[in-house]
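Below, subunit A partners subunit B and then partners subunit C, in two separate complexes.
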Partner chain A sequence: MNVSEKVLEDILNKYPTKVKRNRKKHILIRDPDQDRQEIEANTRSIPGVVTNRGCAFAGCKGVVLGPLKDIVNIVHGPVGCGYYSWLTRRNKARTDQPNKNFLAYCVSTDMQESDIVFGGEKKLARLIDEVVEILKPNAITISATCPVGLIGDDIQAVARAARTKHDLNITAYSCEGYKGVSQSAGHHIANNGLMEKIVGEGEMEEPPGKYTINILGEYNIGGDGWELERVLTDIGYHIQAVMTGNGSYEKLKNAHVAQLNLVQCHRSINYIADMLQVKYGTPWLKVNFIGIRSTVESLRNIAKYFGDESLTARTEKVIERELAEIEPQLEPYRKICSGKTAFCFVGGSRGHHYQGLYEELGVTTVLAGYEFAHRDDYEGRRVLPHLKPDADSKNIPELHITPDENRYRLKISPQRLQALKQEIPLNYYKGMIEDMNEGTIIVDDLNHYETEEFIKALKPDIFSSSIKDKYITQKMGIPSKQLHNYDYSGPYAGFRGAVNFARDVAMCFATPTLNYITPPWKGKPLLEGAVGPRSSDPGIKEE
Partner chain B sequence: MLDCTPKEIVERSGGVINPAKACQPLGAMYAALGIHSCLPHSHGSQGCCSYHRSHLTRHFREPVMATTSSFTEGASVFGGGSNLRTAIKNVFAIYNPDVMAVHTTCLSETIGDDIPTIIKSAEIPAGKVVIYAHTPSYQGSHVTGFCNMVKAMIAQLSRADTNEKEEQVNIIPGFVDPGDMREIKRLTGKMGIKFIIFPDTAGVMDSPMTGRFHMYPAGGALVDDIREAGNSAMTVALGYYASGSPAHLLERNCRVPAITLKTPIGIKATDDFLMRLRGKFAREIPYELEEERGQLVDVMTDTHYHFYGKKVALFGDPDILIGLTEFLLSLGMRPVHVLTGTPSGTPGGPKGVFEREINEMLAVAGVESRVKAAGDLFELHQWIKNEPVDLLMGNTYGKYIARAEDIPFVRVGFPILDRSAHSYLPIVGYRGALRLVEMISNALLDRQDRDAADEDLELIM
Partner chain C sequence: MPASESQTATYRSINSNPCSMCMPMGGILPFKGIEDAMVIIHGSQGCSTYMRRHIAEHFNEPIDVGSSSLNEKGTIYGGAQNLFHALDNIRKVYQPRLIGILTSCLAETIGDDVEGIARDYLKQRRPEGVSLVAVPTPGYGGAHSEGYWMAVKSMVSHLALPTKNHGGVNIIAPNLSPADIREIKRILSLVDLRYTLLPDISDTLDRPIARTYTKIPPGGTSIEAIRRMPGATATIQFGLTVEEKLSPGCYLQSEFGVPLYNLPIPMGIEATDMFVSLLMELSGSSSVPQTLAMERGRLLDCMVDAHKYSAQGSAAVFGEPELVLAVTRTCAENGLYPAVLATGSKSNELEQLLSPIIAECPQKVHFLEETDFVRIRKACRESGANIAIGHSDGKYLTEKEGLPLVRLGFPIHDRVGGQRLLSTGYAGTTIFLDRVVNTILEKRHNDYRAAMYRKFYRKIREETALHGEVR
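Here is the complex of A and B:
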């Protein structure tokens, strides 16, 4: 069932005029006949519409910095922001140095009213001293919350002073929640800081492995990163750094030595991939390890980049082995899932990535969208030259990167790079829209009203989104699969992850619980046999 | 697990490590959900609203609907008035609640937005209500925010229409689960006393599966009832921190006599609650409740040897801990570490009540204990390292300490993010106490079974 322009118009008509005008630009009906379909994205959410979006702090500390395990991430602000971003995102980490894993720690200056009035810099400096003395991390980050910028605490200066005092990498991130229009601003602020103050701090000059790579935009939700690591290491790659799932200061500071950067989540990190290329000469490859076909394709593309026969042969061998392992496992789940339809609304990349995996299970995505992506995530990077900065994006500082005098290396010849670009998505991402079928709906910053209306119109069999809307659709009797945190399951990436996903989605359909929604007495006469159903009673049929 | 936490305790003053509290707006949002057909609104950055909705949803496994003013840098500089007015207009046009309950955030408090003036200048449809509470995140905790939103309900909705008071009681249940609110209503109902309870999240945050989503579920206190609360003969506030000052505000505004009692966790606090109702309304406590009480005492006595002398560390919200400490003492247990993240003194709220109440009970029982308000879980963990316990009780964040120290763990309080059904079932009243007894004995005896040598595994315990 498709939504026509007419139905879409009817949905939008309930909005006040201004809201309608705004939201109309964020919703598309896919039409492959058009060469380019434009969508508005990365602009302000409208107050009062029940957006799913979070803030810059959530993107900075919650998403990008949080997973770095040997770092203590200090939150400078009232207690809430640190508290809510404590262990809630399922970015897993393990280490052979248990006393250097701080993921289970939430450290906050817990600003009180007097700190707001008189400033919180001294308290922050004290907290840094205490963290160094008691917790002894490899590095410290400081993330700002809303009031910090408003009262003028100079966290950069506090960080600089502490860095000198403790001879430790201490960095500050001005990621106040009001910056930008969503988490995306925070990703940018965090990554800029890591790029500027951590990557390249290490002593390493040469790649430690024959095929050394970094994985960017992989956050190890539910152990996704570990599944990729298993396969990539088996093929023969050396993973230098992951940004930032199961990542660490110790690894990240030497990220400059990699010969190739893989970009999993384009939204949160594509600009860093660009900067790493400018600074160190490392090209980046868009990969997608969600879904079997895209995992296979990504592995083949990486091998193509290195262009080594034995690596290619090993890649094919591993692919063959993995497929042989998982295909029989997937079959029973496919039987359950086949023919179903899904909504796929996630943050900034998964809204696209999961469509392929759904398709492999026989599930068609009828509506997809991103919570905080930009136009290039929808329309592809070809739109980048056409994007104009607005007041909100101008608030995020841009780094101006130049080639590193000592460490810039050409990883492959420019001719070969050009040739490869014809074959594999080097420095390129095509975006979500191109992959979507005719008549499907694409929605940016989907809100509650639209969620309800599109569910009524499209009646999907499964809704995949976040914790905030999960139980809304389940109340309607539609199973819901969280794709931000996988409903506490995973990994879903790579080969074995696909099986986990298939199992979990099939479970959503197969669970008997939904059969009990209607009580058996509904529509049944009170006195069985004694009095027959009255003909005026609608909905009652004699058995 | 938590391998970076040393046993040696160093004095700290720079902030918290592993907090035992959240911030005010979270509690304000929860309280607002206890009004029927109310949409909470967070006047701040989008992240606040998103975090609070997520957090409440994880505890209750229910939809938590709320809106945000979506502050941008511009709004933070020039004020959030325009954002709030836009939000009010859109909320009523798109979502049409009866009530919109605005709470502030550290952002809007720091810039000093004049909320009542902004609301006055907003387009509010006839018959609709917008209430507001100041909930700066840099004061108190989520419990304070809950309290402030309840005060807002009273200040902006409750009215005294006559000098004669109605034979009815107001109950302010405090920051407890809908299952607890249901139990408090059942107990009061069994007493045959007419009551008004607010906020009431029963039927909102524990709504049934019907195959239909209701943006405003059937439950929640009606605005008319909160209005009418000004005409009641008495207000019973359950919990000093969440409910005490709202009850006194109602007393000042509408001359409704207020009493503040412990959250009725355990036998004694439940006794006190019922005795107060009995005394005020001259209603005998029905046999059914006496029977429940007797059953509880029966089980407590039958299994006293499971509990007696066991050392317990507990943490959570102050009102819950005060009741829980009393109950553990009545089981003969020894609460040796009691810690809340909420400060003991809050603006407009109680001062020092937490430590005083708990220390008095401990003194009577002769138990030496560490009691602290405005503490954190890092410190609690260090206390446990220095004086080990047999049982840890608290919210889900305790599981890390329980694992690190290999201690049996009972989940109680807010939030519980890793188990289900808890929000439907009470810990208050005699029935709730029986449930606590079951939870505690399961945790202790499962451990005993796990650790027993084959020859010591007992069939009957």
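Here is the complex of A and C:
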């Protein structure tokens, strides 16, 4: 039994037998000798284990719809859920239309007991009238919270009626919190709604630029998207729509004209990427703009897809320039970070993406995982044919998409597509496991108890997760780097983002604060009175 | 009410930028102030995740809240099985002695009888030394402030047992910061009086970094002490705005005959005087501890120093009803009168309690309940308020209306140290007033040149321009 196996056994043994059996399937020790390592994912969390997962509403309104800036996202329900999803993901937006940035607004029907008893449809309809009158948005979405579905409010009908009445794109999302097993269900519901009712609403028939792309699954947390746009625009790409960071209805409705879709967060947006491929013939390319090597690789892959010499040359020139700018800046941080270890547990993509960036700084990821990902995010999309739908996934409708009669365009020939697929991840994501080192631990849906136990056992130098668990490790004397909202820092994507990340991580290691945890009188004979040298180790290691 | 303008949510259907959260959110907080306690939300897991996130951000502390992780199946067949599992697992991993079970929109809408499920659980599992406290907190039932009181009341009604008079005093605290609670405890320690303070978050939600991390932070009100509350000589509750049906103090009075002294939060000179006088009376002591007398004197000194600047303030005070009352009283004592008084809760008592201050105000006061920040912003603009006092969401008043914000209350999510904000007692009030007055001064200094420009220079230019036109 190697170290990891022993650690794992000890941790799981504390659980009741049934829970132990369940959790064991969600945890893997990486063994590169095995061709395929299976992990269980996207199944129900165990009640009471204090999971980090959220709900379908969080995935739909909070993640996918929330960042759309010229849309008013109405929350139909009691006031709490609207409040809790009020700009909490730090998705930034810059408006190009005065008075059309509604990100700072949290609009809720604030249902009361009487609305639950008598129904809230009328209140919702009145509220839409008021929103149209007061805020004049370019579109409106309505997201349902738990009680809405239970009391039978037909938000789809309210949306349809309002759409006719106001001649405005108004869509409803039945993303009640109890649907599915995590926020992942909400991503799917939002993807369906955007695809069915918004993408393709625009009049555009042809791409407005020579190399027109959409960026999917980029939420502009801390300005990540802006850093990508800077580089992509510089190379010569025309970015039609971003889903959904700094995104807008105005751009999104014409997303069908793009020649290529880039997929950054595979988990939250792969549905729409697939559907765009079927309906409009637009292939998607898995990219990763976190980390320098993967940013460079992604840029080269995009250029390869377009296969244009001048574009390739321009890409190389920009890469060279950017590297020359950031390499000297990174050097001092690398010296501080080198040789450290990290836990990397985030959402549905970043748990994978950030490992590369850590590695470039000399930090080894010893444990990684996703909060709400599916098996394909771990094992790669090759596992998709083997996935059986269960009761929970069946509750989320699958749209049946067919090629659009007028707008389907073959973007590249099937032969070239097949040839390119051998070289670049076109319509494919290989998943996290393949990139992980032997003996590292992969945990799906890590909970509060396991976090603490794994930290005690593996003693990482830094813990990367969310605000909910960061204080556990900080209390234990281990620095944390939050990767959901970046501890109010960022951007971390692209070239310049890597420098920000390196600076922030190095700062965690370099801060003198943790050296003071052990008081000078500990373990010293008090009567001698001399002030001993301070310990340089964080407290946890001395136990 | 003569100089006040009352308006409620019924005017509009829209709640835009809310000034309140939901009931279970408030319900979590008091359970975090009980020794060896855990809390579960019976509902979909998003509820507990969202609330953990927000509470953690305020206190900068780990906030463990379990969930029964209800899904579609639970909505059809009821959630009892999930709740049983959740309780089993929480017990195994956390070994709590008390588990609070809060309901959510979902549990209430499907009509789960959580009390009944909890009873069944105890009957079937017979867990030794574990108490369960079920609290009905539907998200649509009220704001977080009501959830807070509902949870405290439920703890008392579940745990309290007939007890012979033990001569101690019950202190029941509203949603204050750990630093505030610590200050109240310090005052109590200066008086010869045994007490039970409920809930006591002073250590649990402001936990020192220390060796050996424990899953449940040490500290909090002990369960035994809560059981013995009916044997107290008196209950002091800082909850003037609390409805009778949510009031733990009223419950102890009506069920066990413990006399209730319902006081305002001991903040400001008058309210702290009331608290200290009552402590003197209850402890039978004739003289106030020297330390407190000195602190009172220093507060007065601070107020005398500050009043010239305070009077230039015109405040927008918002937040939970009890805190709005305390802040408004404190400010008015120093001549800083309110222009806007607002709460996201529905409080039958608040307007009545504020009416003497509103009547004294030199200006018209906008009183808003069940309100949101769009309305508060409008009222600020109309009334010419020049300083805002309340929780972090008031940052919109700064961004949009240029009102400087003195952060106080819950949640503080855009600054560190929400857990350390101290405003109670004579000493805490002094710190609070300094913060308020310095904010007024800072704004004044920053605006000085612009204000002078507007007042004199631009006027001259405009006059010149006007003459030019006439000519």
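Just so it is clear, the second predicted complex is superposed on the first by the 521 of 543 C-alpha atoms of A that agree within 3 Å, B and C clash if a C-alpha of one lies under 4 Å from a C-alpha of the other, contacts with A are read in each partner's own complex, and residues count from 1 in each chain.
In this text, a contact is a pair of C-beta atoms (placed from the backbone, for glycine too) under 8 Å apart; a residue touches a chain by one contact, two chains touch by 3 or more.
Keep in mind it's a predicted model, so treat the numbers as computed, not measured.
Clashing of subunit B with subunit C is the outcome of superposition onto subunit A.
When the two structures are aligned on the shared chain, A:Asn101 is found in touch with subunit B, with no touch to subunit C. By the touch criterion defined above, A:Gly48 reaches both subunit B and subunit C. By the touch criterion stated above, A:Leu387 is placed in contact with neither subunit B nor subunit C.
In the overlay built on the shared chain, the residue A:Lys14 is in contact with subunit B and with subunit C. Shared-chain residue A:Lys136: touches subunit B; no touch with subunit C.
Of the two partner chains placed around the shared chain by superposition, subunit B and subunit C are both touched by A:Glu452. Where the contact sets of subunit A with subunit B and with subunit C meet, they give residues 14-16, 19, 44-58, 77-86, 88, 104-113, 115-116, 123-124, 126-127, 130-131, 134, 145-147, 150-151, 176-183, 391-392, 395, 448-449, 452, 466-472, 474-477, 517.
By the touch criterion given at the top, residues 14-16, 19, 44-58, 74, 77-88, 98-102, 104-113, 115-116, 123-131, 133-136, 145-147, 149-151, 176-183, 391-392, 395, 448-449, 452, 466-477, 517-518 of subunit A touch subunit B in their complex.
Of all residues in subunit C, only 9, 12-18, 20-25, 40, 43-54, 56-57, 60-75, 82-83, 85-90, 92-93, 104-106, 109-110, 138-141, 143, 207, 209, 211-213, 215, 344, 396, 399 touch subunit A in the complex they form.
Residues of subunit B that touch subunit A in their complex: 1-4, 6, 10, 12-19, 21-23, 25-26, 41, 44-48, 50-55, 57-58, 61-76, 83-84, 86-91, 93-95, 105-107, 110-111, 136-139, 141, 207, 209-214, 341, 378, 397, 400. Interface residues of subunit A, counted against subunit C in their complex, comprise 14-16, 19, 44-58, 77-86, 88, 104-113, 115-116, 123-124, 126-127, 130-131, 134, 145-147, 150-151, 176-183, 391-392, 395, 448-449, 452, 466-472, 474-477, 517, 539, 543.
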